[in-house]
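There are two complexes below, and they share chain A, which is joined by chain B in the first and by chain C in the second.
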Partner chain A sequence: MKSALILFPGTNRERDMAAALKRAGGRDPAIVWHGETSLPDADLIVLPGGFSFGDYLRSGAIAARSPIMPEVIKRAQAGALVLGVCNGFQALCEVGLLPGVLMRNTSLKFVCREVKLEIVNAQTPFTRAYRAGQVIRCPVAHHDGNYFADAATLDRLGGEDCVVFRYAEGTNPNGSQRDIAGIINAGGNVLGLMPHPENLTEAAQGGTDGLPLFQSIASGFMERAA
Partner chain B sequence: MTIPITPELVEDHGLKPDEYQRILDLIGREPTLTELGIFSAMWNEHCSYKSSKKWLRTLPTTGDVVVQGPGENAGIVDIGDGLVAVFKMESHNHPSYIEPYQGAATGVGGILRDVFTMGARPIAALNALRFGEPEHPRTKHLVAGVVAGIGGYGNSFGVPTVGGEVNFHRCYNGNCLVNAFALGIAKRDAIFYSKAEGVGLPVVYLGAKTGRDGVGGATMASAEFDHRIEEKRPTVQVGDPFTEKRLLEACLELMATGAVVAIQDMGAAGLTCSAVEMGAKGDLGILLDLDKVPTREVGMSAYEMMLSESQERMLMVLRPEKHAAAEAVFTKWGLDFADVGRTTDDLRFRIQRHGDEVANLPIKDLGDEAPEYDRPWAEPAVPHALDADAMGEPGDLAEALLTLLGSPDLSSRRWVWEQYDHLIQGNTVQRPGGDAAVVRIDGMDKALALSLDVTPRYVDADPFEGGKQAVAECWRNLTAVGATPLAVTDNLNFGNPERPNVMGQFVRAIQGIGEACRALNFPVVSGNVSLYNETHGEAILPTPAIGGVGLIADWRQGATLAFKAPDEAILLAGAPAEGGTWLGQSIYLRDMLGREDGAPPPVDLAHEKRVGDFVRTAIAENLATAAHDLSDGGLAVALAEMAMASGIGAAVELPASSHHAAQWFGEDQGRYLLTAQTGDQQSLLERAAAADVSLMEIGTTGGDRLALPGAPALSVAELKSRHESWFPRFMA
Partner chain C sequence: MKARIFVTLKDGVLDPQGQAIEGALAALGFDGVGAVRQGKVFDIELADPADGEARLKAMCEKLLANTVIEDYEIEVG
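Let's turn to the complex of A and B:
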């Protein structure tokens, strides 16, 4: 699996993400600086977590206007897999690849804890190694993870199986509407989620519940290559 | 316009008349205002350690693993495989009291820079926080601001904040403590120092622009607080973690190019301290042209520029042939890069502004030859040990335990550490809430254990024993997770050293720290002294925080405090026959009986070492399935913590004694709880006997209740609910 990881100034979970990608897919991702205007050949484009540009305007807002983003949009529209985690999810919403917005947590505080996630849709290229309805452990670490969209959008997301992850068992840490933790676009190739599956992919991290997400992606490409 | 140097102006700069006379003698003329500012910055307590140096020298600072002891930006220990751990702790007390968010945030920023200026990538941060009593009107505001500030900076920068301490006491009502610790990893052959080398080399300014924030901050940190405190707000700096993150990446990239001769971050007294440090250490002069310094405000005077504490800045001596490559790195990261001066051979610190020379001072006298005092000190009066018979008994053991678990000092700190990203970088093996945090070295099996400790009420009662205890407890916490303790950094927070009783606390605490560090082979490799922690003449409790680092060869071999399974034996190591005996200065005495008297528990360092070495071996050989050190609240609280961490209950007994309170809540030192699988406890008991370590089997794990003798069994759920509820309720 060839992946490209976009690096913005202020991105800070790129190493965690790269380690998880390598663990599942066997290869280091290509690191692409936000100021570039072209992407290498890649099956997967990842926008990792962090505080791009300090999150000083709105989370992900300046990243969404980086020189590399038109290229990311073009690839996404051509069907490449795009994964945005945390700040990456915020940027995907800002750039319009995903609907809705991530507002400040209802607690108004940063929250880092483990939550429970229900795999709502296990038919996506990102979740095929899970079972629908399965509940996994997963860490969150964010200040702006409160997913908001208007009722019509929320209804459509639900109706089109675009909600991929929901906070389960009363563990919604941020006030997200309808417990939404991660969504996919209608085309089924752009996934954004607030939790950090990359931080639960090996025993030293206390568990591997996040690993199947990366294995789903990797095995998809191995099958395609075969 | 020339500003006349009046005695009032000298006093406003925190310089005493004899210190000013020393300046006059040194330079043979009246200083300019800029020069006065520079002397004030270099000779204040915060930068010069003038009251503490004499005593700091008595600490043990060498050892097999020590690569760099005190005197650099941070201490360095060898952790094998060509790697070193670079760490230090530093206070940001006064700024945090004035403006808690920014004060704490910039404290974190400063300590991170101390670590990465040496070429190390930060992998862990911790913090030791002390606030006034919960009822004090300012306490909640300070807790909220300080915690948000630490999180706001560390989370954005991208370092996991994995542990620390939070305590409350009325002596901190007017002077909270914010001690920030950071640790980074570097290659042993790629460590960077501040010592300049080579004449005529460019001095380059890196990072953020210079503004007027923080002008005079170090002088503020060297004075007591009074009613004019609100006027000091402008001396607090503003942090920008986004710039710091870029500065980290840019510096590490720059260092890899081989362009750096010497590098120093700009902390207290910014440009002044960093330039003097580089020159004085390298026996070189420094010439700066302030017109070339990037500024974010117009019309800044030389005085303001030299004393600005704007954050996220560095100064470096550059190899001229690498100039273009170095500048390209900083341009890429969107940071300033400016040639602002050069090294000289005249040992002078010369400053130019608008073509005029506004300062010309002897650089060595500013730096390593700053004044030093042998301040008078009084031997502290140490209270007698309390008579256990006079102490009374807990009406209900169970009720006392629930009360203590839900008390301000012993309740869960989850409300705090959930605001810190403690998982970023993906190497956090033990999260907050255990005896020590454990962080794996990226890509390796080995891990480091980290713990910050001090029990200020012990130090207040007996500075010498309290100093020993702070070190011993830190060593014990590292041991309890299975680590071999390597070295410490210290953050010595005290009141006004010009008062002999405060100076006496300082001297005796350092002697205690030194004795324990020598006995436990636990050298001091870096540290920070924060004096003048007083408001309206009332000093804080003496608080010498110890930050310890230990090594675990393979993270899988570490221990945690949670019970692992039902039907395991619970063993108490290092305890006297009754289990516990010492209530003087205990949490039980203070919070249940309203007394803060008696001598604190003494630390027998030979015993400490023997017991700790036994426990570490038991963990390494997989004989102990869980381990936990006993500290505040004694045996009962430690058992409850092991139960809460696992959801598994326990039934325990102790030998008969007429002093139940002391048995269950006494704070005798050098004790641990272990668990072992059936069959292994015999082997442990034999090994303990052979090692001359007391080890007694006191119970069995199992069920979902904690049953102490003669008291109703408590459900683990109820323990948890008490333990978890105080902090969120307090902060609501």
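Let's turn to the complex of A and C:
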């Protein structure tokens, strides 16, 4: 699996993400600076977590207007898989590849803890190695994870199986509407989520509940290549 | 050309920061504060005034406001 990882000033989860991608897919991702205007050949484009541009203006807002983003949009429209985690999810919403917006946590506090995540849709290229309804452990670390969209958008997301992850068992850490933790676009190739599955992909991190997400992606490309 | 742009949350969008400020005002003894909504102000100078208002509007739409949750108002001074 060939992947490209986009780096912004203030990104800080790229190493964890690169390690998870290598663990599941066997190859190091290409690292692409936000100021570039072209991407290498890649099956998967990842926007990792962090605090791009210091979260100035709105989380992910400046990153979403970076020189590399028109190319990311073009690849997404051509069907490449795009994964945004935490700050990457915020940027995907800001750039319009995903609907809605991530607002300040209702507690106004930065939350850094483990939550329970329900896999709502296990039919996506990112979640095929899970079962629908399965509840996994996953860490979160964010200040702006409170998913907001208007009621019509929320209904559409639910109706089209675009809600992929929900906070389960009363662990919603940020006030997200309908406990939404992660969504996919209608085309089924752009996924954004606030929790950090890359931080639970080996025993030394305390568990491997996040690994199937990366294995789902990698096995999809192995099957296609075979 | 100088302009001031106000970006505010749309009606119906929860504003926990505004609520926290409201609580702090009450704690300071300011009675009768109904509701507080927090927003942003941008002062922008345009070197070239040509198409100024249209360009300012485009800036709001493309960057300064997220129109999913925010409204904007442009005041040219």
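Following the convention adopted for this analysis, the second predicted complex is superposed on the first by the 226 of 226 C-alpha atoms of A that agree within 3 Å, B and C clash if a C-alpha of one lies under 4 Å from a C-alpha of the other, contacts with A are read in each partner's own complex, and residues count from 1 in each chain.
Just so we're on the same page, contacts are C-beta pairs under 8 Å (C-beta built on N, C-alpha and C of every residue); 3 or more make two chains touch, one makes a residue touch a chain.
These numbers were taken from a predicted model, which means no experiment stands behind them.
J.: State whether chain B or chain C is in contact with more residues of chain A in the superposed arrangement.
T.: Higher number of touched chain A residues: B.
J.: Considering only touches as defined above, state whether A:8 meets chain B (first), chain C (second), both or neither.
T.: In the superposition, A:8 contacts neither chain B nor chain C.
J.: Give one of first, second, both or neither to describe whether A:165 is in contact with chain B, with chain C, with both, or with none.
T.: neither
J.: Looking at the overlay, does A:130 come into contact with chain B only (first), chain C only (second), both, or neither?
T.: So A:130 meets neither chain B nor chain C here.
J.: Does chain B (first) or chain C (second) touch A:196, or do both, or does neither?
T.: A:196 sits against chain B, while chain C stays out of touch.
J.: Taking the two structures together, which residues of chain A meet both chain B and chain C?
T.: Common to the two interfaces on chain A: nothing.
J.: So in the complex, which bits of chain A are touching chain B?
T.: 9-10, 12-13, 15-16, 19-20, 33, 50-51, 53-56, 109-113, 139, 141, 143, 196, 198-199, 201, 203-206
J.: Residues of chain A touching chain C in their complex?
T.: Within the complex, chain A touches chain C at residues 57-58, 61, 65, 94, 99-101, 103-108, 148-150, 175.
J.: Please give the residue numbers of chain B that touch chain A in the complex, ascending.
T.: 148, 151-152, 155-158, 240-243, 245-246, 332-334, 417-429, 431, 440, 442, 555-556
J.: Which bits of chain C are touching chain A when the two form their complex?
T.: 13-14, 16-17, 20, 62-64, 66, 68-69
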